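Can you keep this structure in mind? I'll have questions shortly.
Chain naming follows the written order as A, B, C, D and E, and within any one chain the residues start at number 1.
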Amino acid sequence: MISEYATLIVGAILVNNFVLSRILGICPFLGVSKQLSTALGMGGAVIFVMTLSGFATALFHHLILVPLGLGYLQTIVFILVIAALVQIVEVLMQRFTPPLYRALGIFLPLITTNCAVLGSAIMCADGGYGIIKSTVFCSASAVGFALALVLFASVREKLELARIPEPLQGPSIALLTAATLAMAFSGFAGLGG
Amino acid sequence: MTTVILLTVTGLVSGLAIGIVVKFFGTTPNPLEEKLLELVPGANCGGCGFAGCEGYAKAMADGSAKPGACPLMNDAVVQEICALLGVESEPRKPMVAVVCCSGDDDHAQRMAFYNGVNDCQNAMLVAGGGKGCVYGCLGLGSCARACPYGAIEIRPNHIAVVHPELCVGCGKCVLACPRRLIKLTPKSAPVHVFCSSPERGALKRKFCSAACIGCRKCVKEAGENQVSMNGSLAVINYDNPPDAAVAAACPTGALRTTAIMESTKG
Amino acid sequence: MIKQLHFYGGIHPAEDKVAQSVPIVEPPILETYIVPLQQHIGAPAKAVVAKGDQVKRGQLLGEAQGFVSAPVHAPTSGVIREVTTCLGPSGAQVPALLLASDGEDTPAEPMPAIDWRQAPPGDLRQRIAAAGIVGKGGAAFPTVVKLSPPPNKKIDTLILNGVECEPCLTADHRLMLERAEDIVTGAQITAHILGAKTILLGIENNKPDAIEVMRQAVGDSGIKVCSLKVRYPQGAEKQLIYAVTGRKVPSGGLPADIGCLVQNVGTAAAIADAVCRGKPLYERVTTVTGTPLVSPGNWRFRVGTTYADAIKLAGGVKEDPIKIISGGPMMGMAVYSLDIPVIKSTSGILLLSQDELTQFDVRPCIRCGRCNDSCPTGMMPGILSVQIENQRYELAEKWHVMDCIECGCCAYTCPASRPLVQHMRRAKAEVQAARRAAKAKAEK
Amino acid sequence: MAEHMSENTIRLPDTSKLVISSSPHLHEDDSVRRIMFMVIVALLPACAAGAWFFGPRALWVLLVCVASCIASEILCTRLMGREVHVDDGSAALTGLLLGMNLPVTAPTWMCVIGSVIAIVLGKMIYGGLGYNPFNPALVGRVALLLACPTAMTTWVAPMTNHLEWAGVNSVTQATPLGVSELTAGALPFSYWNLFWGRTGGCIGETCVPALLLGGIFLIALNIIRWQVPVFYLATVALITGVTHWLAQAQCAPPLYHLLSGGLMLGAFFMATDMVTTPLSRKGAVVFAIGCGVLTSVIRIWGSYPEGVSFSILIMNSLTPLIDRWTAGKPFGTPRRAPREVKP
Amino acid sequence: MSYFQEFWKGIWKENPVLVLMLGMCPTLAVSSSAKNALGMGLATTFVLVGSNMVISMVRKVVPDKVRIPCYIVIIAVFVTIVEMLMAAYAPAELNRTLGIYIPLIVVNCIVLGRAEAFASKNGVIASGLDGLGMGFGFTLALMALGAVREFLAEGTLFELQVIPGWEPFMLMKLPPGAFIVLGFFLAGMNLLKIRQARREGKKYTPPEIDCSRCNICNR
């Protein structure tokens, strides 16, 4: 039991890292990694939302869609659930924890359309994970996303001062750097498996 | 049937949630600001003195900036903005930057070889850059790098030259020059004094053959109200600039037209 | 034997102190002197004489303008031939007086001697200000300003700086050998003014003869002579304080914050001259050295002696130098003219020959970390230099560029020959400008 | 002396050829080129050992890598329109390191491709030496490892009979780490063989004494920091030791781990690469410990038998952060910042 | 602007992948071979055309404040249709490799971005053509990427051997290969634009990836 979850978590964070191995959530990965502080903020927001959405979508999946035999509706329902969830979280955060909202709030709208969120929910549904397992998997995936984001922000701190040839500047060098990072992460293959 | 109900319910729930957010926390953007944002040029050169075009648009919207401050806008756009803001448009003079020095390597004496970071401001930190005239252009290109429009050329014989057709008069180079050689002048003025040294004429002569030596010939030619003397340096009255013919009176070529400068383009 | 004291970081360049055994020479009176009116940090002095005026040695030529300023006195008797400007070592034109000597060297009426043990500190401060004494270590900060700390900062320790950690320079070394008593007196006067209990004298142990002489001169006056391990930049204020007392000057703070005051031995001797003999500061001991010179040595130059005259006194050159440096090789400024005069803070004139030239063949930083290891302030010069190259001055400020003391250790060790000190200076200037602008904006 | 000379024999300096530059006017006599050269010299014993154990083809692999690295660097700088600085020796060093990280059987085309990837993707796209965040040689090696997994993990047994220098020994053999995972418990190689490098593996990684010799040479010259290899090896020893003690069947003893695989090469020559590792000593220690942890984790639990390259690359990406976190507070900074006093 | 231009701009001038830099995730993830790229591209094109047209139809009815959720629902409907169609008619192997990237078309910035930037402001036919152009542009870019990756990895194109005896170079099929090829593609585009800007005597600054291009978050 414990080892099963350990494998799930390590697998989601390192081996099948959402960004570097499954290639999900590339837009925020490239867009919000210019500074470490924003990367940390985005990472935190994603962990928070993905854990919640993993739980909520699993709830919907197991309590409504599966019993009603409406599995084919998962895409529509999940995206609606996630969109609504993000909005509600935003409202609640703003009302009850203003400091946290100030820190993470600007990242929340970005998350609705982060394909990592929907992707993890669909993966859980397709993989037949239970509610707890889904939540764990989603939060671990989010941690993996945050880890990649922080590592990449770290490298970009150096890239900012490098003499990058003109045609390679911008997203191009970011992608090429991500390539090397992805290569490095492939070393974790088989970990925990 | 269940499909329809389910989708309706989910749609209702999410719609409700979003509605709440919009109702309580929605912000309405300033429409004036958005319109202005479309009109400003978007070059973000900073010539208006604000942080980029967006900052300028915001400042205009709340009335803390004038429409004429942007060097890039043409008159039609300025008038359009004035109409939007409901203010009178003021006549503007197009400005152009001029590097007030003629001391390239052919004319001015270099006292020592400078060996260090290739930048005027850095060179100033090392014995003043090693140029005989301590007011002269170092020719290492701080201004050219500061120019967002690529209007300043550093000639091979180490002097900065502004290309008036590219210059919009944003004034970035004025701040970048550690020797304060660059002035913003009206585009209509045909001649300029290409020397900035307030030293005595004899001392200037020692280091530079193209310096203004304070001979007053230009003052005699054009009259006091067009050119005056500040010590031994001729100063052009840009409110009433002399015409190009006065350049012929200058024995050293310090007073000359921008056209001459153009024709010697390397 | 006191334990060997030193500080963090630093380097050990070749010492090359060829002139350390050459006694100080009194040069003959020259024909002309160019006396700059700004020989110190702060506002330039205002000339009180005009063209054609007859002056005597020690007579006031320019009076201090404001608190952070210092008066200037005539180096010899003669006629003011011109009120003009001259080139300073920093490459800027400064106001100056051209003095044609009459060869008589007639002294002006000296100021009355003061019995410092009885005199109140105020009188002594006034005398030090009137004598135009500035820090002779190189920064040329008016001494009286330093001796007037704010009332809430009590100074308990006076540290005399006899370290002379710059290679090649020997002026302070010779001064300690030849004027030990004056240095002790000057130190006692300073301590008296400040009410400091402890006086420490730091000397690097490559000058054993100076340590010996100073120990004898100190006698039972309570001054402690500390022998320090040879390490550049031991003579930097904060590093010296740490080496002899173990106290750390806070980042961005002054020695007075921790109750210390550092004074150069030359300044101490000048204070003794001013107080006990009424003699203003118009001369200083300067080392003229370098391989191209015929006879390097130490001279007691009158202020206003041009570098050309100084080099002439040193027998001229055997070969053409490639660099002329005002000061020592680590922190001195390269100059390009021989018409620059010796001023109160000129500790040395150094000539480098062609083969001693280190051309900057600047390569990218390979992050070897040597600069980091050698930096006495614990900054990261390598990272800073790349940031500064990219004009990211705000980043540089965050990485503590303002703590740089410009000692040059980083650039000395850099295998990629990066002009690190120049980068730091630029960044410091930019950061200061930005701070001033922010302050002005805040006030508006 | 001056007094005896008449005025006209005294020669004053000619000021027309003076140079002005920023202080300091003294410099230590060292250069980037010398540092790179010294590292290459330090690698030579291990190269020689590789050639001795794996035959003359090892030299060919090294040569191809060095040559194609130099060629691609020249080509790239030309394309970018920048000054060619290949004379600083960094490209040659990258090539040598890459070659040492390849099996002797690596086909020539693979050596060339690996070198091109190392130089282009590892270094030149960032603007050349000094700006690359990742170790170029490792980028090349890992790319090859992912691209051609079979060719990169086919090992030949070291030669035993050096009279037969004719061709490459075709007896394939697993590396010590690969074997130890298969036959847990019983060690397939004696420590003695491991130490001398009489095992299968990459060209430059097997002979421990040669690597130690080079490493100590560099530490003595103050080119690399002793903290890096020491903390790296110690961390690996500690983690593998604890794991071995807890689960003998799954993990080889620490000494076995230290002596096998690319650990020695990595600890002395890769984790000490100046450009891609932290600037300060404190940072270097953090870096080394991080490498040690990741290496042990990948070796013990991962599906790759070897984790040195991956762990160094991952730590490379953290270098700027380590730099920032270990940036020494400047001299005199109080332990706790005093509260801002408003004037 | 003529209808042809509406169609054509998506293919080159405003190519969603290479110029607008939208929809990076599917671009990188499913371009491991030309065939996968084609499948994904066509699926996305279908959703784009359908959702663009429907959104254009309802654009005047939907209140401004809830338009994004409405668009998302419309898009999600089309995505579900595509999912079902693919499950029914597409080869099983293609379906397996595309996997979760088909439902993820919902959050593909291209679809929502076009809905917000174009369809909500233009007529039905123009919106349909815009969707078609964008979809083809996306498909072409994806196929170019997929073809290069497939060729470099296995020496094949659409699973046909082009160069016999090609040594497999599997890196290109893995995620790093996707990053590398797209990185160099974008560098090539930048180079073209720099050349063009230089010819016109202008300065060119390469675009940054930021979310301002996809308009969704700027509501």
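In the analysis below, a contact is a pair of C-beta atoms (placed from the backbone, for glycine too) under 8 Å apart; a residue touches a chain by one contact, two chains touch by 3 or more.
Because the structure is a prediction, the values reported are computed rather than measured.
Touching chain B and chain C at once are the following chains: A, D. With contact taken as defined at the outset, chain C and chain D are each touched by A, B.
Remark: the per-chain Cα centre closest to the mean position of all protein Cα atoms belongs to D. Chains C-D form the pair joined by the most contacting C-beta pairs. With centres computed as the average of Cα coordinates, no chain lies farther from chain C than E.
Farthest chain from chain B, judged by C-alpha centroids: D.
Rounded to whole angstrom, the centroid-to-centroid distance between chain B and chain E, based on C-alpha atoms, equals 43 Å. Between chain A and chain E, the centres computed from C-alpha atoms are 21 Å apart. Mean C-alpha positions place chain B and chain D at a centre distance of 50 Å.
Multi-chain contact residues of chain C, defined as those touching 2 or more other chains: 333-337, 360, 364, 419, 422, 425.
Touching of two or more other chains is recorded for residues 69, 73, 171, 174, 176, 180 of chain E. Under the contact definition stated at the top, the residues of chain A that touch 2 or more other chains are 73, 76, 80, 83, 161, 163, 168, 173, 176, 179-180, 183, 186. The touching residues of chain C, counted against chain B in their complex, run 87, 89-93, 333-337, 359-360, 419, 422-423, 425-426, 429. Here chain D touches chain B in the complex through residues 15, 17-22, going by the rule given at the top. Listing the residues of chain A that touch chain B in their complex gives 64, 68, 70, 73, 76-77, 80-81, 83-84, 87-88, 90-91, 94. Looking at the complex, you find that chain B touches chain D at residues 111-116, 125-127, 130. Those residues of chain D whose C-beta lies close enough to touch chain A in the complex are 80, 121-122, 124-128, 131-134, 139, 142-143, 146, 297-298, 301-304, 307, 309-311, 313-314, 316-321, 324.
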